[in-house]
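A, B, C and D label the chains in the order they appear, each numbered from 1.
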Amino acid sequence: MRRFLLVGLVILSLMLSAVGCQTTPAPQTGAPTKPAQGEPYRIGVTAALTGPFADTYAPVYEAINVYFQQLNEQGGINGHPVQILVEDDAADATKATSNATKLVQQEKVALLTAATLSATYGSIMNISRSAGTPVLIASVCPTQAYPPADPLVFCPASFGALYDGTAAIRFIKETAKEPVKLALVGIESPIVRTNFDHVTKIASESGIQVVTRQLMPPTATDFTPFATQVQQAGANWVFAWSPWSSQIGPFDALQKLGWKGDYLLWAHQPADEELSRRKVDALYAIAGNALFAEELPVHKQIRAAAQKYKTSYPVEYMAEGWVTAQVLEQTLRNAGWPGGAKAMQAALAKLSVDTQGLRGGPLVFTADNHFRTKAWYKFYRWNSQQNKIVTARDWVGIDVVPSK
Amino acid sequence: MLLEIERLTLHFGGLAALNGVNLSVGERELLALIGPNGAGKTCVLNCISGLYRPGAGQIRFNGQDVTGLRPDQVAQLGVGRSFQHVELFRQLNVLQNVLLGRHLHIRSSLILDGIWWGPARREELAHRRPVEQILELLQLDSLADRPVSELPYGVQKLVGIARALAMEPKLLLLDEPSAGMNRQDKEHLARVLLRIKELLHIPMLWVEHDMELVADLADRVQVLHYGQEIVQGRPHEVLRHAEVVRVYLGHSSAQN
Amino acid sequence: MQFWINVVVLASTYALLAAGYVLIYRASRVLNLAHGELMMLAAYLAFSIATVLPKQSLAVIPLTLLLAALIGVGIYYLFIRPMAGRPLFSAVLVTVAMGIVIQGLVVLVWTPRVQYLAVLLDIVNQSHQLAPGGAISTLDIASIVVALALFAALAAFFRYTRIGLLMRAAAENPLLLAQRGIDFHRLYAIAWGLAIGTAAVAGVLYTTTNRLEGTVALIGLKAFPVALVGGLGSLAGALPAALLVALAEVTAIQYVDPLLSNVAPFVVLLAALLLRPWGLFGTPEELERV
Amino acid sequence: MAMDRHKKIGQKAHASSQAWPGLRRQGILQWLALALLLAFPFIVNPFLLDLANLIALASIGALALNILIGWAGLISLGHAALLGAGAFTVGIMIEEFGAPIWITVPAAAGMGAAIGFVVGLPSVRLKGLYLAVSTLALHFIVVFLGGEYQTHHNLSTGIVIPDPALGPFVLSDRRAWFYVLVLAAAAATVFSVNLLRTRTGRAWLALRDRDIAASAIGVNLTAYKLAAFVVSAAMTSFAGALTAYYQHFVAVEAFSFFLTIQYVAMVLVGGPGSIAGAIVGAAFVIALPQGVNLAISSLSVPPQLKIYTFAVNYALFGLLMGGFLLFEPGGLVRLAVRLWGRLEALLPTATAVELRRPGRAQGPLQLKDDAMAAFTTASSTTDCLLDVAGLTVSYSGLALAVDHLSIRVPAGSIVALLGANGAGKTTTLRAISGFLPTETARITSGTIRFDGQLLDGLAPDRIARSGAVLVPERDKIFATLTVEQNLSIVPTSAPSGNRRAALREAIATYFPILQERQRQLAGYLSGGERQQLAMASALLRDPRLLLVDELSLGLAPALVQELMRLLEVLRRELALTILLVEQNAAAALNIADYAYILSTGRLVKQGPAKELLADAAVQELYLGVSASRRSYRQTAVEQRQ
């Protein structure tokens, strides 16, 4: 018995140390560093590159990657290149944990970026806290970023739950021609639930009746039953706030059922593409980043970079990650060299980033507000007369105040 | 009578495998059950050990009605058996196979087994002794460490009997133990059967095809044909019975 | 009204997929747990073919079905036949492994992006008002019609054609069939081809109606309880079972808790396993053969 | 299993050979291993330490699953659900009551045991795949419940678990975790080993291999299946609880169906049933993706392609899993043993290999039988339709079922192959018709020629098509088809229309009952009618050689006589050659020209049927006529003295 146990342990430890011998000297290849010389800044990214929500999160990484490839070729930051170390978590919390552990403890990145499902945040923040590494969340903003903010958690992402809902209700109130019977559609997740609770409250304050709320399982592929519920509740407006599939899916299902009403959804990355594909005037999108339909100078820049470095996702998917990259660049610049975790945290806590028109105004973090001081929203829809996407309402800014 | 079977009937989807069979085995008796293929001999054994649920009839063992009990319950009452097609646990060695026969006698709990504590350990070692005795009795002791799958068929059959003996049964059911044995194996088997009878005093119900063995060893013979009993009695009488000869050899041979 | 339409439409998809499970199980006693993935793969193939031949659904769909059937035959000869004589569950796990590989490959080849087949096939999924409070789309009608037609065709196939008869015989006792001089492997391969072909039908219909993405494979797993509730060896059982499971699922979504939608088929399955494990149309003997 | 055997041999060696150089070397090795293990957390980087911890955690779960799949032979697809149940028990107890670790972990194990019991209940009725499927249902239900809890308690990022504290000692450092987890994994290993070598483990193996025999020696199948579920589930939930503490959070997304597959893969890849296999499998499955990541990052892949890393990992995992299933069902452990064996064979001192080879090196038996020589010359090279020469069939590569058997069947003859149950008759017939079960039995030497063509290695349907058609012993008809359909599915391979007509006519003439029963399901036919249908089906194939297996089985003597006569008639009218395998020697000898008698796989006697019928020894042995030789009882008594 003892002999077996020991043999087993020998095997186990040999195997582990074998793996160990392999890893320690492993050379890291990141962005090519031709023009920028010297030791790189190391930024860690854990992202849902694959899995059910990859089309929302993978482009964020792609944009960051393209942004810094270009920047490195132009000389890097403070004379140093930026190295992006990426790990895929497939929106799985266990993998995200192991990724974060690896990036923070082994790779010793100065800053961790997460573009993934909210269910993974808990463990990522835990690891960041234990190592004192700040974490930049480039997907739906967690409450920890809102004022009063967690010292280590920052969120530049365009969508931020409660403020999105407030803007949406204001827009519906202004746009609707008849009394609104509103349906809320989203996946069953705590963050959606929280947002919809909030929306229901402010809707009733502005005289809008919420007739039904459809919370669907995240894995749903057939949305007909949910659409049926919306239709039978007599809704004439829908506000959908979720990953893209579960926003557009119910819309398609409603169309299939012959529903005639107005539908407002969050403008995730595929919005440009799919608004033009459906060509339905009653489909509105609420956006945190300016859509590519506007062809701003910054859009042209992104397009050029994406083409040069051959992204696998269409260029229209890159805006969200571009803003994150802008934030990263500004942070590194302000933190100086060598820019450890402490310096990054300090830089982030008083940051102002010019988004070059991707947002309605500059993105500003303060010591206790790691979300933004003003949240900007713009509304789009398809216009069949002009046969293109048009602005339904220009930038609206909502002041972010500390919650009680 | 230790085992009494009355009007046992068994059907398989309309086909009658057993049709009102009566049978009994007394203390210290070696009863041979013979009959042509498909006569229902194995069905009788399977009904006794609870593998088949008879349609009608009663099986009493040791004065207790065991009809319709689960196999393990029947085993618990003291009925051991061997199988026609060996049915050994192929991945285990001879000793472990026979040790499995002690299953009902080992009384340790799963948890204690798992931590190899106190009674579990003591019992595990204690129960090797009777197993070794049985292996010795059957002259299998030299093979204790061999995986059963490596043994010749004839030896495997003996291991099957050893496993049944390890249960310390009050009655032993043997299903064609000599099938697949050569003369030498059969002589060994005969020795084993006599030892079981004379040294361990275990009565046996013995399904057999080899008439010579039956004639030599059985105390009593019962003939089954088409799920019905034809005759029973002392071996030499039964084997010369006209009906038995007819059943076994068919018309023409009988005329020969 | 809409409720019942939803049930029937969902049931038609389930029935199509369950037919594949049953065909494969009857032939080779294997549960093909990669059925959903194969359905998805077929839909992606349709997508690729449609990219080459845009707006020609009449060419794309038959080509896809043919390709899918060939894949089925290939799977049988490459992966399932070598598992003969091994524990049944090993063969099932081979299909699981196959499903995982397909999931990975699909991402590698087609990226995880959502795709829309309807646009490529130039199909407009119009809504038709059947009754007040009851609308159905063109593709949904197609789904129901195709499912019914396919079941009728399969029933006729097994009843009246020689190959169908042979396949029934092979399901019962392949060795005996070989003793009569017939290569049962070929029959099994045909069954796999047919099954993956039906999966392709389901896949193209479903992803054209909805969207094409990696998660649609899940519906394959959800259709599995249908096959079991109907009786794994019984095609006829798949239809009522599909209705039953779809009814449970739609009821759960509309009247109980939407989150139950993934669980509902399996709750029905558990109930069936406890009450009538051999399925609506199966026989108790079936249980012993597993 | 293999472990147990190994261990016992080890014990023996320990007792007998106190030769101490070997022992000492081993002792040093053990201490070295222990030292390495203790130092491990301090010599590797944090990431590897984390990996090691995850492997230790996973091996507990893999060992638990191994109990179910490897030993008890029960398939479970609810493993992730049980891990989840353990983790959620911890999470909920902390969330609701702030319970400490010494309460939560035992409670999680208890919860696992309870769920295991409930999940095990269907195993009373269900087997195999059906059982696996019912555990799949458990998976979806647990995931649903976990999700419900999370959403209704507004725990968006999962339940956060604080570092566990036992009194003043707080377990937060990953190094400390390493010792705790390795200790836990070691405890699980010891528990497994002990279970396997005692009554419980034996009973599980028994019910997996031969449930009928197991129940006949008193193993309560229901109780033991349930016990396997309960023990395995408790261990699994225990691992789940530790995982919750180690990961600091519980979220339902972590317990996907893929996690179950990963654990099943650990058991399969490692080697089902093997304790070392479960651990090695766990290490392999956990470390694999890291290895792939490493390979990808060292291959200087363009960063754009990194988004495919996971897909590559996923596909590779599936390929490996499928690869092991297809090519190495014994798993890594078996593979290692095989490779080791090959390595040993390469070494000059190959004595060990010599010994391991199954003991059958004596060379072919010298079969010099006069009677055989007679038949060989009588029907020699001329018209021998079937020629079996030196056929040896062994089961599992060891036990011989048929031993150097040679039989010849001249065209147009009826030859009988006689012998008792287990004599090897059916095996011979299976070898001829190509039906040896591929896994367990195979032809190790000898040839089978049919009409000059070698048959061994051909698929059964090819053999049937070449004209050697079998009428099997059992399952001889398709019970779910009608009589007509039974006949119609046989492809008529008769060369000419005339021949085909002759066959049909013969069937109509000699099996009139089939005409009457045309539309009936064959399953409702009586034994005699089934036999007739089977014979008719075989005839449709236009056989040149008809192989009939146990025609008399279960039939009334009168009917047997009648069918035997019919065979004789068919032989004459359709120019058939017949090989008749029979236990009922008398009936067979009456129609056969020549007969072979087998006993335990060997030919013991052969000769013209008439001679054998008159032979005293044959009468005595196979016809039940008792003789005057030394009785068994006498021999037994003599032997004892």
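Criterion: a contact is a pair of C-beta atoms (placed from the backbone, for glycine too) under 8 Å apart; a residue touches a chain by one contact, two chains touch by 3 or more.
Only a predicted model underlies this, so the values are computations on that prediction, with no experimental measurement involved.
S.K.: Chains in contact with chain B and with chain D: which ones?
M.R.: none
S.K.: Would you identify the chain whose C-alpha centroid lies closest to the centroid of all protein C-alpha atoms displayed?
M.R.: D
S.K.: Nearest whole angstrom, what separates the Cα centre of chain A from the Cα centre of chain D?
M.R.: 51
S.K.: Between chain C and chain D, what's the gap in Å when you average each chain's C-alpha atoms?
M.R.: Whole-Å distance between the two chain centres: 29.
S.K.: Roughly how many whole angstrom separate the Cα centroids of chain A and chain C?
M.R.: Roughly 36 Å separates the two chain centres.
S.K.: Just how far, in Å, is the C-alpha centre of chain B from the one of chain A?
M.R.: Computed from C-alpha means, the inter-chain centre distance equals 73 Å.
S.K.: At least two partner chains per residue is the criterion; list those residues in chain D.
M.R.: In chain D, 147, 151, 190, 194, 308, 310-311, 314 touch at least two other chains.
S.K.: What are the residue numbers in chain A that touch two or more other chains?
M.R.: Residues 1, 50-51, 54, 58, 188, 312 of chain A touch two or more partner chains.
S.K.: Mark out which residues of chain C touch at least two other chains, giving numbers and ranges.
M.R.: 107, 259, 262 - these are the residues of chain C that touch more than one other chain.
S.K.: What are all the touching pairs of chains?
M.R.: A-C, A-D, B-D, C-D
S.K.: Would you tell me which residues of chain D are touching chain A in their complex?
M.R.: Checking each residue of chain D against chain A gives 3, 6-7, 10, 26, 29-30, 33-34, 36-37, 40, 43-48, 50-52, 54-55, 147, 150-151, 154-160, 182, 186, 189-190, 193-194, 247-249, 251-254, 256, 275-276, 279-280, 283, 287, 290-291, 293-294, 297-298, 300-301, 303-304, 306-311, 314.
S.K.: Chain C touches which residues of chain A in the complex?
M.R.: Counting only chain A, the residues touching chain C are 50-52, 54-55, 58, 188, 214-217, 219-226, 228-229, 231-232, 244-245, 248-249, 252, 255-258, 270, 277, 312-313.
S.K.: Residues of chain C touching chain A in their complex?
M.R.: Where chain C meets chain A, its residues are 2-3, 6, 9-10, 13, 107, 111-114, 116, 119, 125, 127-129, 133, 135, 137, 140, 206, 209-211, 213-216, 218-219, 249-250, 253-254, 258-259, 261-262.
S.K.: Help me check something: in the complex, which residues belonging to chain A touch chain D?
M.R.: 1, 3-17, 19-20, 22-24, 26-31, 49-51, 54, 58, 61-62, 65, 69, 84, 86-88, 90-94, 97-98, 101-102, 105-106, 117-123, 125-126, 142, 188-191, 193-194, 309-312
S.K.: Quick check: in the complex, which residue numbers of chain C touch chain D?
M.R.: Those residues of chain C that touch chain D are 31, 79, 82-86, 88-90, 92-94, 96-105, 107-108, 162, 165-166, 168-169, 172-173, 175-184, 221, 224-225, 228, 257, 259-260, 262-263, 266-267, 269-270, 273-274, 277, 287-288, 290.
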